[in-house]
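Notes follow the structure.
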Amino acid sequence: MIIILKKDAPASQLDMLTSWLKERNLQVHHSEGTSQTILGLIGNTHHLDIDLIKQMEIVEDVKRIQEPFKNANRKFHPLDTVVKVGTQNIGDGGLTVIAGPCSVESEEQIVTVARSVKASGATLLRGGAFKPRTSPYAFQGLRDEGIRLLLEAKKDTGLPIVTEIMDISQLDLFAEVDVIQVGARNMQNFELLKQLGHCKQPILLKRGLANTYQELLMSAEYIMASGNENVMLCERGIRTFETYTRNTLDISAVPSLKTLSHLPVVIDPSHAAGISRFVSPLSKAAVAIGADALIIEVHNNPACALCDGAQSLTMEAFDRLMKELKGFVDARELCK
Amino acid sequence: MIIILKKDAPASQLDMLTSWLKERNLQVHHSEGTSQTILGLIGNTHHLDIDLIKQMEIVEDVKRIQEPFKNANRKFHPLDTVVKVGTQNIGDGGLTVIAGPCSVESEEQIVTVARSVKASGATLLRGGAFKPRTSPYAFQGLRDEGIRLLLEAKKDTGLPIVTEIMDISQLDLFAEVDVIQVGARNMQNFELLKQLGHCKQPILLKRGLANTYQELLMSAEYIMASGNENVMLCERGIRTFETYTRNTLDISAVPSLKTLSHLPVVIDPSHAAGISRFVSPLSKAAVAIGADALIIEVHNNPACALCDGAQSLTMEAFDRLMKELKGFVDARELCK
Amino acid sequence: MIIILKKDAPASQLDMLTSWLKERNLQVHHSEGTSQTILGLIGNTHHLDIDLIKQMEIVEDVKRIQEPFKNANRKFHPLDTVVKVGTQNIGDGGLTVIAGPCSVESEEQIVTVARSVKASGATLLRGGAFKPRTSPYAFQGLRDEGIRLLLEAKKDTGLPIVTEIMDISQLDLFAEVDVIQVGARNMQNFELLKQLGHCKQPILLKRGLANTYQELLMSAEYIMASGNENVMLCERGIRTFETYTRNTLDISAVPSLKTLSHLPVVIDPSHAAGISRFVSPLSKAAVAIGADALIIEVHNNPACALCDGAQSLTMEAFDRLMKELKGFVDARELCK
Amino acid sequence: MIIILKKDAPASQLDMLTSWLKERNLQVHHSEGTSQTILGLIGNTHHLDIDLIKQMEIVEDVKRIQEPFKNANRKFHPLDTVVKVGTQNIGDGGLTVIAGPCSVESEEQIVTVARSVKASGATLLRGGAFKPRTSPYAFQGLRDEGIRLLLEAKKDTGLPIVTEIMDISQLDLFAEVDVIQVGARNMQNFELLKQLGHCKQPILLKRGLANTYQELLMSAEYIMASGNENVMLCERGIRTFETYTRNTLDISAVPSLKTLSHLPVVIDPSHAAGISRFVSPLSKAAVAIGADALIIEVHNNPACALCDGAQSLTMEAFDRLMKELKGFVDARELCK
C-alpha cells in the first residue's frame, strides 16, 4: 500500500501516522520527492482499513498495491479450485451446463423440464423457488413449496439442484439443496454471506448489476473467510446505458476473474440478455472464451404458445444448443 | 400500457392475448398502422407483470404509460406526506437536520456528539451500530451494544435516533429505534422491505448505488404495500465513472422524486462525496434545491488529530455549517 | 410514435397539436383513457423532431414505436449488406481479419508487420497515422507521413489499408486509403460524418465509449443519408464501472446490431480489453458469436523486449491465434 | 509515478526499464517488499506516456501520484483564473448569468430574447447557430446566418455572445464571437482543441457525457498547451442510468473542479435536466454550491403556445428566477 501525503503535512502528524502503522506490524518506507512525500507500506495490509487512512488529515490519497482479498486470490492459491457437486466437477477445464425453468410452477413442470434437460446433457437442475421481483405486485415464487418440488425432481432424475436464497431465515429450507445461489441484488447482503460461510454446500455467487470484479471477490471473501471455500463466481450481465438487451454480458469477466482468482466462473446468458434468441449466441461465446459452466433457463409451455419468446429457451431449442456447443467445446480443447 | 406487436403476429395468437388481457379487466384498444399494430390497454395495469407480456412470441415491445407504483405515486396522493418523528415534522416545507457519528464507538463518544449536534440545531441523532463493509476484515460495528448506546444518548439528549438495519433477524433490537434506516446495498432486499412494512416506525430508505428513481419508489412501494406509509427517500450518491468523489450526488433527485412522489426527500452529503470539505457546499446546494432533510456525519476525535479529514465534519465545522445554512433556508422561504 | 398528453391538456392546445401533426402527413389516432389521453401517430415519423414534441406544454411523454433510423434499419433492408474491400467481402457470413500495428512508426516496421500478418492470414492492414490521445503531451502519430508509409506497405503486400481520420481537413490525404476509420471519440462528430457520406470508400465506424446501439446507428445514418451506404459498425469496448480491463467488450452488440441493422459488425478485441493476453480469448468469443470481422493490433518489437506485454499481440502470438480461430470458424459454420 | 513490477521480473529487463527512465531525467527509487517490487519515479512525469509503461512485460501496474495536467492544475497555479469577456469578469467570486435561446431562429427572435434577458440581469447572450443533433433529419441550425444574427443582437444590446463551434472549418466565422463554446460531444475532438489553443477568445469547454474531471481537464490542457489560457469548464449533466432527467447534473463538479483547477466553472442547468421546471431549482443549487456562472436557455414563443414546456424558460420565468437567485447569492456572500 502506498500513502501519498499532502504537501504541508506537519512532522508531528507524520510521526503519529508512522507509529500507528508500525504498531500494525508494517514496515514504512519513506520517500521524499520535490513535490510529494510517499510512504510505502511493507507487510500484510489485508486487515488495514483503507478508508480510515484516507480520512487522515495529512493524507492526500492511498493506493493499494495488493488486492484486498486473500482467500479468493490466485496469487495465494495458484491452482484452480474444482467445486464438486454430486459426481460433477466444476472448474476442471470441462464444461458444465446447469439448466431449468426460471420459476418452479408445479411438480409436472419441474419434472418434465428436468428430464428433458438431463436427456440433452445438462448435469445440474436450476429452478427459482424464492423470486426477487422489483414489484411487490409480481409473482414472488412458490417459496418452500418450490424447494419441495425441486427435491422431487432431483429424486426423479438424480440431477443435483441449484436454487436461490433471499434471506437468512430461509436457510433451514436449503438443507438438501445442492448448490445455494446468491442473486445479484444480494451480492452485498453481508449478513447473509457470513451465514453461507458456515454452510457445507457450494455457493453460486452472482455479480451485482453495477459491481466490480473486486467487489464480487470481496463478497466471495466474506463466504470463504467464514469457512466455506466452495464458491462459484457468476457473471449474469451488468447494467450499462444500453437498454436493448436487459443487461450487458461482460464476457471479459471470464479471463479476468480466472486471472484474479482460482474460483470457477459461470456465465448466465439468459439473465444477461433477457432475449431468448440471444441465449444461444452468448452461450457459444462463453464456451469459446473458457467459461467453466453455463446456467440456462429452459421452460415447457405446451399450453401457452404466447410465451414462446421468453428469455427462456424451449426444451427443443436447448437440445439444439447443446448439440451446437459441442463444436465450440472441441475447438477450445484443441487450444489447450 | 402500450403493447407493440410483431409485424407477422398471427390472428390466433392475437386473439389469445386479447382474451388474456380482458380476463384481467382491461379494455384493449386495437390500432393498426401500415407497418405496426399497437394495443392500448385501459384500466388498472399496476398488477400486470410486464416481463411476462414482453416474453410473448407476438410481442415486439411493451411501453408503460403509467408508473408501476401506486402508494408512493403523487398522482394518486397529491398532498405531501409529512413524517412525524417525536415532535419533528419531516416534509412540511421546513428543513430537518439529522447528525451524528458514522459508527457508534463508546457511550462517551455518542453522548458527546449528541449533545453537541443538538446544541448546533440538529433534531435527530444518527449513528451506525450495524455497519455494512465491503471487506470482511473491516470493523463491522458494535451491533446490539451500539443500539444500546444510541438509546443512552437519546435518554440524555431527548433526540430521536436513526440507525441502520442489515437483516430481518435484527428487528427485535430496533423496537425502540425511532427511524429505521435501510442502506443503499439493501434497497432491493425485498424480504427485509416486506418485514419493515409491518413496523410502526418511519423508514429512511436509501437509494442504491446504481438504481433509478423508479426502482427506489418500487422499493418504497414494497414497504407501503405491507402497511407502513411513513417512508423517507434518501439520495446518498450514485456510482458514476467519476472516482474523484466516492459517489456522485444526484441533486436532481430532489425535484424529481418530489414530482413523482409525495414522500419526503433526504440528502446525505457525507456519503455522497466521501470528502469532508465537500459536505458543507453539498448541504447548501441540497437546501437551495428544496431537500426536506439532511443527514450529516459528525464526529469527535479530540485525541486523534490524524482523523480530522474524514467524510465526517468535526463538531465545530458542523456548528459553522448550521449557521451558514440559515441564509439558504431564508432564501428558499422567500421563493415560496 | 405515441404521444402521452398531460391530464389537464386544454382542448385548444390539443387541436393545435393535432393540426400540426396532420400538416406533417401523419394520421392521428386519439385514445382517451380514464386517467390518460394518448395520441397514436401513423405514417412516416422518421423526420419528426421528437425533442420538439416533448417540449410542448400539453405533452407528458413521447415514446417512439419505430426506430429513428431508416437507411441502416434491417426492417427496410432485410438482406445483409456485404462491404467489398479489394477482393474481400465483409458481411457475407465468413470471417475477415484486419491486423496491424497501433501506430505506424517507420517503413520497416509497417512493411514487416504487413508481410507477417498477411502470411498468417489477415486480409486487410490496419495502422494509426493520426492518433487521438487524451494527453496533448503524448505521441500524436506520424500523420501524413504515416499515411504515406501505409501506402508503401500496401504496395508491398497488396493488402488494402484501414486507418483513422480525425478531422475533415485531413480528407485529401485519405484519397487512396481503402477503408476510413472513425474513432470512438468522433462517433458523434456530425460534420465529419456528413463529409464521409460523400466519400466512395467504406467507413469503419467505431461505437463511442458510452453510446447506445441506436446512437451508433444514427451516426451510420448520417453517413448513409449523405450517400455512402458502405458502413461497417465496430464494437470496441464501452466504459463501465469495471477498470480492470480498459473498457468492457459488449459482445451482445454482435447479435443486437445484426438484428437491428443489415450492416456488417466488426469486433476490436485489442482496444476493448487493453490487455494483450485477453485478445486471443475475446477474439474466439467474437468468432463464436458471429462477428463479420476482427480488427487486431499486432506489433514487431525485436529490439524492445520490454514492450512485449502490450495490448498488441506479437507477430508470433497473432499467427498462433489465427490457427486457433480456425476451429471456432468451423464450429460456427456447422451451426448454419 | 509508481511502477509496480511483476513478481518474476528478470533483472535484465528491470535494468533496461531503469535506464530508459533515467534517460528521461527521472530519479528511480527502488523498493523491494516480500511480495512486490515497486519503483517510485521522482521528477517531471507529465510528459511520460503511461500506457507505454503499462504495456511493458515486467510491469504489473502503474499508478500516477501527480495529475497528468499542468497548465490547468491548481497546484501549479494557486490563484483563481478570472476570464474577462467584455466588461464581465468570470471567476472572481461573483455570479455571471449567460442566457439566450437554444437555437437562433430569426433576427426578431434573437434580438427580442437578448433585450429581455439583458433587462433581467444576464450579461452574456447565448444562442446556437451550429447545432449538433443525433439525427441527420433534425434541424441543424441556421449555421453562418445564425452567427450573423447573433452579431446583430450583440450590436443591439451590447451583450457579448457565446456560441458553439462544431468543426475547424467554421473557425473563420467565429472571428467576432466573444466566447467560443465546445460542445460535450466534441470535448475530445483533439484537432479542434489544438486549433482553439491558437484563438484569442475565451473557450467554454463542456464536459462530455461520460467523461471524468481529469479527462475534461486534459482537454482544457490541449487548449492551454497551445497558448490559450482562457478556458471555462462547463458541467452540463452526465449520462447515468437515470432517464427521468435527460442527463444527471453532477453538482459536485463545482467544488471538485475548483479544487483540482484554477479555471472558472460554469453550470448548464437547461441541458442537464432537459425539463424546464427543473432549471430554476438546479440554478439555485448551482449558486449555493459556488458556481462562477450559469448558462440558461430562454426562449420567446408568443405565437406558439404549444412550445411552452421546453427545457427553455420563458422570458418571464427567467426574470423571476433572476430575482429569486439574489437571496442565494447573498447567502453565499455571507459564507466568505
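To keep things simple, chains are lettered A, B, C and D as they appear, and every chain counts its residues starting from 1.
The rule is short, and it goes like this: a residue touches a chain if its C-beta (ideal position, glycine included) is under 8 Å from a C-beta of that chain, and two chains touch if they have at least 3 such contacts.
Quick caveat: nothing in here was measured; it's all calculated off a predicted structure.
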Of A-B and B-C, pair with higher C-beta contact tally: A-B
Most widely separated chain from subunit A, with each centre as the mean of CA atoms: D
Intercentroid distance (Cα basis), subunit B paired with subunit A, Å: 27
Between subunit C and subunit A, distance of the C-alpha-averaged centres to the nearest whole Å: 31
Rounded Å distance between subunit B and subunit C, as computed from the means of their C-alpha atoms: 39
Multi-partner residues of subunit C (at least 2 other chains): 210, 239, 241
In the complex with subunit D, residue positions of subunit A that touch it: 2, 4, 29, 31, 33-36, 38, 40, 42-43, 61, 63, 65-66, 75, 239, 241
Of subunit D, residues touching subunit C in the complex: 13, 16-17, 20, 46-47, 49, 51-52, 55-59, 68, 132-140, 166-169, 185-186, 188-192, 194, 209-210, 215, 218, 221-222, 225-226, 239, 276, 305-312
Residues of subunit A defined as touching subunit C within the complex: 210-214, 238, 240-245, 248-252, 254-256, 260, 272-273, 277-278, 281-282, 284-290, 324, 327-328, 330-332, 334-335
